[in-house]
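For reference, chains read A, B, C and D in written order, and residue numbers begin at 1 within each chain.
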Amino acid sequence: MCRLLGYAGPAIALERIITRPSHSLLKQSQHAHEAKLAVNGDGFGMAWYTGQDAEPGLYRDVLPAWSDGNLPSLCRVIRAPLFLAHVRAGTTGGTSRSNCHPFVSGRWSFAHNGQIAGFSELRRALEADLPDHLYALRQGTTDSEILFLTMLDEGLDDDPIGAVARAIARIERMQGGGAPNRITCVLADGSRIIGVRHSGDGHAPTLYVSAGVLDHGGRALASEPLDGCAANWTALPEGGVVILSADAMEISSLPGLADRAAA
Amino acid sequence: MCRLLGYAGPAIALERIITRPSHSLLKQSQHAHEAKLAVNGDGFGMAWYTGQDAEPGLYRDVLPAWSDGNLPSLCRVIRAPLFLAHVRAGTTGGTSRSNCHPFVSGRWSFAHNGQIAGFSELRRALEADLPDHLYALRQGTTDSEILFLTMLDEGLDDDPIGAVARAIARIERMQGGGAPNRITCVLADGSRIIGVRHSGDGHAPTLYVSAGVLDHGGRALASEPLDGCAANWTALPEGGVVILSADAMEISSLPGLADRAAA
Amino acid sequence: MCRLLGYAGPAIALERIITRPSHSLLKQSQHAHEAKLAVNGDGFGMAWYTGQDAEPGLYRDVLPAWSDGNLPSLCRVIRAPLFLAHVRAGTTGGTSRSNCHPFVSGRWSFAHNGQIAGFSELRRALEADLPDHLYALRQGTTDSEILFLTMLDEGLDDDPIGAVARAIARIERMQGGGAPNRITCVLADGSRIIGVRHSGDGHAPTLYVSAGVLDHGGRALASEPLDGCAANWTALPEGGVVILSADAMEISSLPGLADRAAA
Amino acid sequence: MCRLLGYAGPAIALERIITRPSHSLLKQSQHAHEAKLAVNGDGFGMAWYTGQDAEPGLYRDVLPAWSDGNLPSLCRVIRAPLFLAHVRAGTTGGTSRSNCHPFVSGRWSFAHNGQIAGFSELRRALEADLPDHLYALRQGTTDSEILFLTMLDEGLDDDPIGAVARAIARIERMQGGGAPNRITCVLADGSRIIGVRHSGDGHAPTLYVSAGVLDHGGRALASEPLDGCAANWTALPEGGVVILSADAMEISSLPGLADRAAA
C-alpha cells in the first residue's frame, strides 16, 4: 500500500501539494490514515510537466520522503501546472530507484497503489505478452511497472480510458477471472490527470478528488484528502474514473469493468 | 525516539537477535510499541566484536532497516559474542551515515535513544568543552555523538559507569540544572554491554533486560522485549545501570544521579 | 581536486552546460584533463536561481554524477538564468550529502576546488572563530564549508570581493602565513557569478572564463573549457577575480592578496 | 569493463586482498592499468564463505568502493577462506544494487567482467530461454546476471566447467555465431574458485592467477596482479579455465570452445 497524488491547475511550487498541506503526501508517508500499512518509507518519486517539454521531469529516490534532504528544495523551486507524486510501501520488488514510482514513458507518467493478485506466478506471462519495444523498457521487478507497460501496449495515446480498461481485462483473463486485484492509479500525459479505482474484491485503495478548486485554484487527486488545501474532497467509487485538467473535472466509469467491480 | 539493543553471550548469528525474533529490532523499526514515534526509518547501524579484533566491526546505512538489502545477508553470516544495534528516528541532525548510531572510538561503541534538552543552543558549548583529540573525531551533527565524545572525555576506559555519570552531570551543569534530558543508551567495549536509563523528567525511553538467559544462552538489552527469544524481560528503572557479560548480569544505580532522577 | 562551473545568461536547460557539451562537467567527472586526480566520483551538486525565489534550488547526491539516474532528467527540465555545479573528489571529509558542494546560505551559493593547507590542525580554530549563527549552520566536516562560512562572516552581502579576500586573509593569519593554500571557487547570489583563483604556492586549480558569449548567449566559468559550447576560453590568472552576469564580464584582482600570490 | 578477484586459502581478513595490497581491488577501482575504462565507480560487491553456512554472505552497494564508509570496516573484521569481490563500470543496466556483482544463488556466487555482444537485442530471447524457477530470480537488467542464470540452467552443480561452456555456447547459438562476446568471470561454490576467460574476438579482459601462494598462504585470481601480496602472477590465456582451492591450482581449457577462441 502506497500513497499517491496528482495535480492540475495553475503552475504552483510542488511543495504546496507535496510537502506543505497539513495532511500532505509527506505527512501521509509517515502517518497514513486510510491504509493497511501506516508507513510508506520505501522510496519517493514525482513526475512534473513544465509546459516546455513534452516529457515530464522525473525524480525518484529510495530514501523515505521524510529523510531525503533534496526533496524540500526541489519542491520549493520547481513549479508546474501538472504533476504526480508517490510514496512507496514495497509489496513486490526490492527497494531500488527502478522500482519507485512514477514510471515514465514518452509523455506518460504513472503511479500505482495496489497489487496484481498472484503476481509472482503471473510475472513471466505478463512480460511475455509485451511487444519487444515495451519489453525493452522494463527496468525493475514490480507489478506496477508491468501494469503501466500493458496499458501502453493497449494504446494509452489513442484511447487512455479504454487502454486502462483493456489492460486490466488482459490481466484478469490471464488470471482466469475473479482475482482479487486492487488497482488505484493515476496517469498523466501533460494535459490531464487520470485517476482510476478498480478491484476484484471491493477493496481498492482509496482515492479522493477535490470537488472544487483548491486554495490556489487547481484540482487534485490523492489517496487521502490533503487537509490544508481546502476544497471538498469526495471519494471516487470503485470502478470509477476521474479526468482532471486545469479547468475541468469529469467522473465516469471504467468501461466494461464497472459492472464487474464491487462498489 | 529510536530503538536499540545489545547482546552478550555465546557467539550467534546477528539475525537471531536483530531480524528473526517475533518482535525483533527490525520489527520494532516498523511497529514500535513503546515509543512516541512508531517508525524508526532514518537509518540503521550495528557494531560487533569478533573476539579477534579489539575494535568492533561497524555497519551503518541511511536506508530504513527493512529496506536495506544487505542487512539480511550480513546478519545471517556474521556471528559475534557481543554486539549493539540501533534503528534511528532522527530528532537532531539530518539523515546521513555519520549521524547513524552506533558511534565507535577505539574499542568502545555507543548507541543512544533520547535527547539532550535544548541541544541546538548547547551544541557549541558542548563541542568547545572537548579536548582536541576528541573534537577531531566529530563527524556528524547529533547530540548523541557529542554525548559519546563527552563520555570518552570523562574516562570510559578507566571507569565506565563513573564516566557516564560525569558526562551527564557535565551536560546538566551547562544547562543550569533541571533540564528534561532523556538518555537511554548502551555502550560496549568488547567484553561487556552497559545499559543506562536516565532522565530529568521521568520520561527516559524504556530499556528492558533479559532476566534469564535467552533460548541460545545469551543475555540482551533492548528498547522493547524481543519476543520469540524467551527469557523474562524486566524494565530497567530510571537512574538504573545494567552491566551484561556472557555469564553475568548486574543492575545498579548511576552514581550521584539516581537521587535526582524521577523513578 | 574537484571540477566546478558557473553560468549566467539567458535561462537555459541546465543540461546545456552540465551534461551535453563535449567536455561537459559530467565528462570532466570521469576524465578531467587538468587535475591531479582524473576522477571526481565523490558526489555531485548544483544550485540554481529561478528568478522567482531569492534562495536557490539545491540538489546534491553522493553518487558519481555519471551514475545518478535523476541527474539527466533534472538537468533536462530545469531551466535557469544562473547556476553553479560541482563534482567532488574528496580530500577532507567523508562521502555524505552534507560534504557535497554547493553550500548554500540565504541567497548565496558556493562551490570550491582546492584545499586549506593543514586543515585538520586548523579546523577547530576556524570553527571557533565563527559567530554563533554561522557555527549553527555547520553540517559537514569539509574545509570548503568553513571557508564559505568564514566568507559569510566577513560580509558577503555588503562587499563580496572584499569578504572573500578577508576570509582568505583570516585563514592565512591563523596559519601564520606562507601556507600553500589552493583556493579556486565560485559564488553566486542570484544576480551574478563570482570566480576566484588564489594560492599560496602558485598551484591554484585552473579556472577558465568564456571570453565571449556561448552558443546560447550566456557566459560561463569552468575548471576546464566546456568544448562544444563555443566562445573563447581564457584562463583566470592566480590572484584574479571574475564577475559574470547575464550581460557583462569583469576581471580584476583580489584586493590585498594579488601581490602575495604567485601568478 | 570491471575489475574482479577471487581468493581461496587460509581464512584471512578480506582487507588483505581487497583493500590493502599496493595494487588492491580498491586501488584498481580508481586506477585500473589494463582496462579500457580506468575508473570502476559504479558499485562494489563481495561474496564470502564462512565455512559455517553453505550460502555466502553478500554485500553490494552502488557507491564507488573508495567512498563507501562501510567497506573498510567490513573488510577488516570479516575473515573468510574463500571469497569473490567486484568493482563495476556499468555497460548495460543502470546503477542499482541489483545490477551489482556478485550475483548469488544457493551456494554459487558469480562476478563478471566483459559483455555479451548485442545484448539489448538478445535480452528477451535469453530471458525467455530460462526455466521458470530461474526466470523468477531475475532482479536486474544486466547481461551478467543472465549469463549466470544461464550457467545455473546448464547445471553448475553437477558439472561447473561444462555448464559454463554450454551457457556460452547457448548464447553464441542465439547470436548465430561469430559474435565478439568478451567473458572473463569468476565463480565460487564454497570450496573452490573457478576463473574463465573467453572471447569471440581475442579481446577478453585480463585475468591473472597467483602461480604460487601469496604471503599469507592462499591463492588468488584477479583482473590485475595484486602487487604487495607477492607470488608470481601469470596471465590466464583466452579459452582458459583455472580452478583454485585452498591447496591446489589447476589450469585447463574450456571444453569445446578453446579451439574457436582467439588465444
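Going forward, contacts are C-beta pairs under 8 Å (C-beta built on N, C-alpha and C of every residue); 3 or more make two chains touch, one makes a residue touch a chain.
What you are looking at is a predicted structure, and each value in this text was computed from that prediction instead of being measured.
Both subunit B and subunit C are touched by A, D.
In this entry, subunit A maps onto subunit D through a rotation of 180 degrees when their C-alpha atoms are superposed, rounded to the nearest 5.
Centre to centre, using the average C-alpha position, subunit C and subunit D are separated by 40 Å. Each of residues 69, 94, 97 in subunit D touches at least two other chains. The part of subunit A that touches subunit C in the complex is made up of residues 48, 50, 52-53, 55-61, 69-70, 73-74, 76-79, 97. Those residues of subunit A that touch subunit B in the complex are listed here as 30, 38-39, 41-43, 62-64, 66-69, 90, 94-95. The part of subunit D that touches subunit A in the complex is made up of residues 94, 96-98, 120, 123-124, 127-128, 132, 135-136, 138-139, 141.
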